[in-house]
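Quick one: this structure, given as structure tokens, is what I'll be asking you about.
The letters A, B, C and D name the chains in turn, as written, and every chain counts its residues from 1.
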Amino acid sequence: MAIAITLLVLDLKVPDAVQVPDGDLLGALAARWPSYLAYLAAFLTIGIIWLNHRAFVDRIRRFDGPLHWFNLLLLLGVATLPFPTSLLAAYLADGGPAASTAAVIYGLLSVATALPWLLMWRHLVRHPELLEPPLDISYARRELRRASIGPAVYAFAVPVAFVAPFVGLIFYIAIAVLYAVTNQGSVADPIAPAASTNVG
Amino acid sequence: MAIAITLLVLDLKVPDAVQVPDGDLLGALAARWPSYLAYLAAFLTIGIIWLNHRAFVDRIRRFDGPLHWFNLLLLLGVATLPFPTSLLAAYLADGGPAASTAAVIYGLLSVATALPWLLMWRHLVRHPELLEPPLDISYARRELRRASIGPAVYAFAVPVAFVAPFVGLIFYIAIAVLYAVTNQGSVADPIAPAASTNVG
Amino acid sequence: MAIAITLLVLDLKVPDAVQVPDGDLLGALAARWPSYLAYLAAFLTIGIIWLNHRAFVDRIRRFDGPLHWFNLLLLLGVATLPFPTSLLAAYLADGGPAASTAAVIYGLLSVATALPWLLMWRHLVRHPELLEPPLDISYARRELRRASIGPAVYAFAVPVAFVAPFVGLIFYIAIAVLYAVTNQGSVADPIAPAASTNVG
Amino acid sequence: MAIAITLLVLDLKVPDAVQVPDGDLLGALAARWPSYLAYLAAFLTIGIIWLNHRAFVDRIRRFDGPLHWFNLLLLLGVATLPFPTSLLAAYLADGGPAASTAAVIYGLLSVATALPWLLMWRHLVRHPELLEPPLDISYARRELRRASIGPAVYAFAVPVAFVAPFVGLIFYIAIAVLYAVTNQGSVADPIAPAASTNVG
């Protein structure tokens, strides 16, 4: 995930010297605002998945086959995210149907990134013995409910992105931030000391 | 391996605005289906090698010189895979001899990626003291047999890819999935608890 | 950070064969000196943040929510740095207003990279229980003061970069080196043994 | 280093469809043989530095300030290596002065990558207390001598590369392989068990 997040910067393209009239680099850069917005959205999305994933790993006593697979599926989503981010960066300013397409594809991939969480927690509800004690089945059930919120919210945000791509992108950023705030709440629960690892 | 897998996304190119008539971004993207198929095949292949490699590392008590070298050879194969993946993405839709060439090169590199496993397990059959107890020489022999299946199956799939590149690619994906399912079986054996590490 | 630092090399472009008259590759490379200077500045900046970050992580007993967030903010700054580095590489030789713009943007992002340190140490002054004993609040206060120097020095360097982009870049490199030397001093303090980890 | 090694694959470019006459993809790929040779040389060089570095880290009890800095210098060399590799890939087939320039630059950077080892072992000769017991000053002296061989051999290989770039490249590969074989010898010495970590 650290890699996917740092690869995003490759989407921020340096304007070609020949396209910058009279040395107005600032104007040329400002005209690329959708790149920066898409970059920020993708960085936040991957960053929050990363923090969630670390907290998740700390709560698992043992990874079995299915968990490894759902993990790989999550990585597939995260690793692919730089692609729709590039699409958004290239077509958001356009504002026409291409911008809608890009915003919807970005949203659909974000949903796809939320699904592995559902699968993981459903698996843990059935196999609570994989959880780090004292976590138990009731904890897994609570997290499964929380993991269901993501896809539900996106089901609302994607049609918005279709009609108004820019509003949709703002929505995506808002979802990421909201999800993060909720998660911080859960980090403050009794098992938080177990989550004391370092991001880096 | 995490890096090779995330670099694959760089092969998913954003269509040039000038090549997208009437804002039909969806059509322009759909025309690039071979990119997505090649991306998925490469992601699965590297992902499964990754899971296998992690399970492998858990079974080794000590890495000696030759094991380090076979490891580096495996990494050479994995790190190079994005290149034939790009070839496939660029030439599969073409369908002519170039598609055959790309599919065969992809297959040959996959075989090359399967060979280090053979070398590693043959080395471990000779030096079972490098295995994590209670694993012994009979375990190494069993794994050596299992590692021999890969190259054998590819010996069949590569000629198929030469005649029918698209069918060959489907074959490669199938091999990856089948290999993965077999491996999950072996993860369920008595030493599985030792394999309880986290991917991420 | 290891990733951001190695991605920088992608900015060192190979001159196009058609633009190299009479095989004078050395001349063509020499003409790109701003690329190398910008590369060195960005490598040093990220490298020093990296060493600082590792020393920092060794001094923290537990990462809570806010620390994770400031960490992510720091990563956002570091991961974005290759972009203004590319800008500098492309426009520094130009010398006109575009060079000023590039040098100022590089400086502003460097300030943004210094800010999370301020936030982290301010948080640790309020929650000294997160520090690895025997570190205490007086240590956090000392580090907070040291972290305040960075933004202050940049507040002076950025206007310089606006007037004379090249001098500004030299300044940025000097700040990085000076910061590093200061830090080495602090590594030599009583808790240094705790910082004995390996970079790699 | 894992990142630098996987970034190398980005230098293997897919031939443009318009430049491939009559679907002769194999011919178009074969014409790019210098890319593959340069890729292999760089992969081997970084791979061997990587193995050496891991063995090195296992022999150090504690990293002090200077060691961290020499480490960063080594990383600077390794992270920059993909650039002269690209140069070689682009200009080796040309055979004229540009090929000489590319081969010499590659060689000079390889020397620069060998220098931090000299600095590190000289530092350890002065501070043998940083070594993992039972290693002592006599061990550090032996390694310092071994580290001196690299630059000496390159001092011979670089002029060769200037006169005959292709022969020079073969030389570079030979140095890497020879160095690796020597190193395997030293891995077999009494402290080898301490080096039993996994590459991955």
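Observations
The definition used in the following text is that contacts are C-beta pairs under 8 Å (C-beta built on N, C-alpha and C of every residue); 3 or more make two chains touch, one makes a residue touch a chain.
Keep in mind the model is a prediction, meaning the values are calculated, not measured.
The minimal number of chain-to-chain contact steps leading from chain A to chain D is 2.
Distance between Cα centroids is largest for the pairing of chain D with A.
Although chain A and chain B share one sequence, what matters here is the overlap of their interface residues, and that overlap falls short of half of the numbers used.
For the copy pair chain A and chain C, the superposing rotation over Cα atoms measures out at 90 degrees to the nearest 5. Centre-to-centre separation of chain B and chain D, using mean CA positions: 26 Å. If you average the Cα atoms of chain B and of chain C, the two centres end up 37 Å apart. Shared contact sites, meaning residues of chain B that touch two or more other chains, fall at 3, 7, 10. Shown here, the protein chains touch around one cycle, each chain meeting exactly two partners. Taken in their complex, chain C has these residues touching chain A: 1, 3-4, 7, 10, 53-54, 57, 60-65, 68-69, 71-72, 75-76, 79-80, 82-83, 86-87, 90-91, 94, 96-98, 101-102, 105. By the touch rule above, chain B contacts chain A in their complex via residues 2-3, 5-10, 12, 14, 17, 20, 22-26, 29, 39, 43, 47, 50-51, 180, 184, 187-188, 192-193, 195-200.
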